[in-house]
Amino acid sequence: MSLVSIREVRKSFGPLEVLKGVSLEVAKGDVVAIIGRSGSGKSTLLRCINGLETFQSGAILADGLEVGGMHTDVRELRRHVGMVFQQFNLFPHLTAAGNVMLAPTVVNKTSKKEAAEIAAEMLAKVGLSDKRDAYPSQLSGGQQQRVAIARSLAMRPKVLLCDEITSALDPELVNEVLRVVEQLAKEGMTLILVTHEMRFARDVGTNLVFMHHGKVHETGVPKEVFAAPKTPELQQFVGGIG
Amino acid sequence: MLYKLQFAELLPYWDVLLQGLVFTIVLTIVSTAAGVAVGTAGASARTFGPAWLGWIVVVYVELIRNTPFIVQLFFIFFGLPAAGVKLDETTAAFLAMVINLGAYSTEIIRAGIEAVPKGHIEAGVSLAMTKWEVLRHIVLNQAFRKIYPALSSQIIIVMLGSAVVSQISAQDLTYAANFVASRDFRNFEVYLVATLAYLVLAIVTRAVLRGLGRIFFKAAS
Amino acid sequence: MVQFTVWDIFSNLLIATEWTIILSIIAFVCGGIVGLVLLFARTSGVRPLVFVTKIYIEFFQGTPLLMQLFLFFFGIALFGIEVSPWMAATMALTFWTSAFLTEIWRGCVESIPKGQWEASTSLAMTYFEQMRYVILPQASRIAVAPTVGFSVQVVKGTALASIIGFVELTKAGTMLNNATFRPFLVYSLVALIYFCLCFPLSFMAKKLEGRLNVAR
C-alpha cells in the first residue's frame, strides 16, 4: 500500500488553476524528486500534502489519513508528515536545540529531558552537535537548514516533504544540506522533494516526477528518464539545464 | 431587561442635537486646517530653522503630547483670563483644538520630512531652486504623501477628543447631549444616540480623508 | 476665608495624583488582559470571532472616551446596579484601552513572517500553541515600544474620569480652583504633574523604538 496517495487533485487560486488533476503514488522508502519550471504547481502540490494549502477536488491519503477530510484530525496528520522549507523558517527566539525540542514537548507532551535527548540525537544526525546553543542568527544558511531538518525529524515523521530546501542557499552551502538528505534516504526515510538539483534527483531519487502546466507530465526512474526523456517538454527542460 | 429603552422622547430635541453635530463638524474642519498648518510650520522650523526655534518647537510638542487635552482646555479657558487673556468658550475650544492637533501633526510631519532622502534636497538645490521651493515642492510634497495615513488617524482621534470642549460649555454634540439629558432624564438613550453619531462621523471622516488622499496623491506609486 | 499657599495646592494635587496613577495602572493592566484575549480572537481566523472583535474595536476606537464613560455610568445603572464613578471609569477605561492595545498588538503579530506560521503548522502545533510558543514571544519584542507609548494615552485618558465625578488629578484641580480662584496656578501645576507622569513614558517608548530599529 502507498504511504502517500494523491488522486486527481485539482487546485485553483481564484481563476487560475495550478493543479489540473494530479495523481501520484509514493511507497514507503521512496525518494520522489519533483522537478519542473516555476509555476508548474510543484510546490503547491507539496503544500497540499500536509494541508498547508487546501484543494478543490480529488483526494490525498497520507499514512492512511485523508488530507482535508471532514473527520480527519489535521494535527495527527501533521505529526506524521514533516516539512522543510526553502526559507528555513527557524524560530529566531529559540536556540538550535530549542527549535528541535519545541514540537516534541508542546505537541507530543514529551518530557523536557527526553526532548533534550531527541534534540541531541537529531542535531548529531545533521552534524550540528556543537551548535545546540546557537541561535539561528548565529548560524550560516546551510546550518540553519540542517537545524530545520533536525526539527522536522524530531517528530519522527513517516514522510518528509522538502520544498526547494537548497534554493535559498549560497552555492557552497548546498552540498552540506544535500549530504544530510542523502543520508536520510539511505536510512530508508520516505522523502518527497521539490528540487532544482538535477544531479541530486538523478543520483539519490528513486522516482522522478516532471510537472508541467499543473499536471504530472512525465514520470519514471530518474536515471532512465534523464537519459532518455520521452516528452519534448522534458527534453527541453533537461536540455535547458545542461 | 429591567428597563425599557425609549428613544421617542428624544425626537423633540433633534434640532438641538443636529446643531451640536454641526458645531463638532465645523470645529473639526477648522482645527484640522489650522492644526496641520501649525504642524507644517512647526515641523519645518524644527528641521530647517535655527536651533533656538527648534527647541521652542520641541518644548511645545512635548508639553502638549504629555498632558491631557482637558487640562489644556481648562488652562486656556480658566487659566489664561487670570493672565489677562480673556476668551469666550467657542474661541477657547477652537484654540485648544488647533494647539493640540498642531503639536501632534508637527511630530507626524517631522517624521515624514526626515524620511525624505537627502539626495532629493541636494538635487533640488542644484536645479537652482530656492530654499522655499525645495521645501514646498520636494520635501513637503513627499512628506505628506508618506504621513497622510498617520495624519488622518490623528485627525479622527482629535475629533473624538473634541467631546471634551462641552466641559467649558462650547456647544458641541456632547454639550447638546448633556443638555437633552438634563431636560428629559433619558441619559442613556441620549448618550447612546450621540455616541452612534460620533461613530458615524468617525467612519465618514475616515472615508472622506481616504477619498481626499486619493485625489491629492493621485500620482502616488 | 482659608488661605491656600502654593504648597497647599501642590500637596493636595499630589494626593489626588495617587488616584490618577491607580486608575491608570488598573486600566492598563485590565485593558491588557482583555486586549490579549481579543488579540487571540482577532487573529484566530475564525470568521464570527474576527467579526465581533472588529466591531468591538471599531466602537471603542471610533467613539469618544467621554461618551463611553457616560454610557457605562448611566448604562449599568439601568440594570439596577448602583454605579460609582470609580466603577464606571475603571470599566470604560479598561475596554477603551483593550481596543487600542488589541490593534497595536495585532499589527505586531501580523508583522511576524508567514513562514513562522507555516513551520509551526507543519509541526502539528495548534493555533494556541503557535501563538504561545512561536508568535507571541517574537511579537512581544516588537510590541514593547508602542505599548509603552500607548500607556501615555491611558494616563491622559484617566483625566476624563473627572467629568463623571471621580476625584483624581484633574478633578482635584477643578475643586482647588473653585476654592482658591487661582486657575492659572492650579492648572499649570496640574499640567506639570501630568507631564511628569507622561514624559518619562514617552521618552522610554522613543528609546525602546530606537533600540529596536538598531537591532534590525
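The chains carry the letters A, B and C, assigned in the order they are written, with residues numbered from 1 in each.
One rule holds in what follows: a residue touches a chain if its C-beta (ideal position, glycine included) is under 8 Å from a C-beta of that chain, and two chains touch if they have at least 3 such contacts.
Bear in mind the structure is a predicted one, so any value in this text is a computation, not a measurement.
Undergrad: Between what two chains do the most C-beta pairs come into contact?
TA: B-C
Undergrad: Among the chains here, which has the CA centroid at the largest distance from chain C's centroid?
TA: A
Undergrad: Looking at mean CA positions, which chain is nearest the middle of everything shown?
TA: C
Undergrad: So what's the Cα centroid distance for chain A and chain B, whole Å?
TA: Inter-chain centre distance comes to 55 Å.
Undergrad: Report the inter-centroid distance (CA atoms only) between chain A and chain C in whole Å.
TA: Taking the average C-alpha coordinate of chain A and of chain C, the gap between them is 46 Å.
Undergrad: Can you give the whole-Å distance between the Cα centres of chain B and chain C?
TA: 21
Undergrad: Okay, in this complex, where on chain C does chain B touch?
TA: Going through chain C, the ones touching chain B are 58-59, 62-68, 70-71, 74-75, 77-80, 152, 156-157, 159-160, 162-163, 170, 173-174, 177, 182-184, 186-188, 190-191, 194-195, 198-199, 202.
Undergrad: Mind listing the chain B positions that touch chain C in their complex?
TA: 2-3, 62-63, 65-72, 74-75, 78-83, 156, 160-164, 166-167, 174, 177, 187-188, 191-192, 194-196, 198-199, 202-203
Undergrad: Chain A touches which residues of chain C in the complex?
TA: These residues of chain C touch chain A: 113, 115-116, 118-126, 129, 133-134, 137-138, 141.
Undergrad: Could you list, by residue number, the parts of chain A that touch chain C in their complex?
TA: Of all residues in chain A, those touching chain C are 50, 52, 75-79, 81-83, 85, 87-93, 102-103, 106-107, 148, 151-152, 155.
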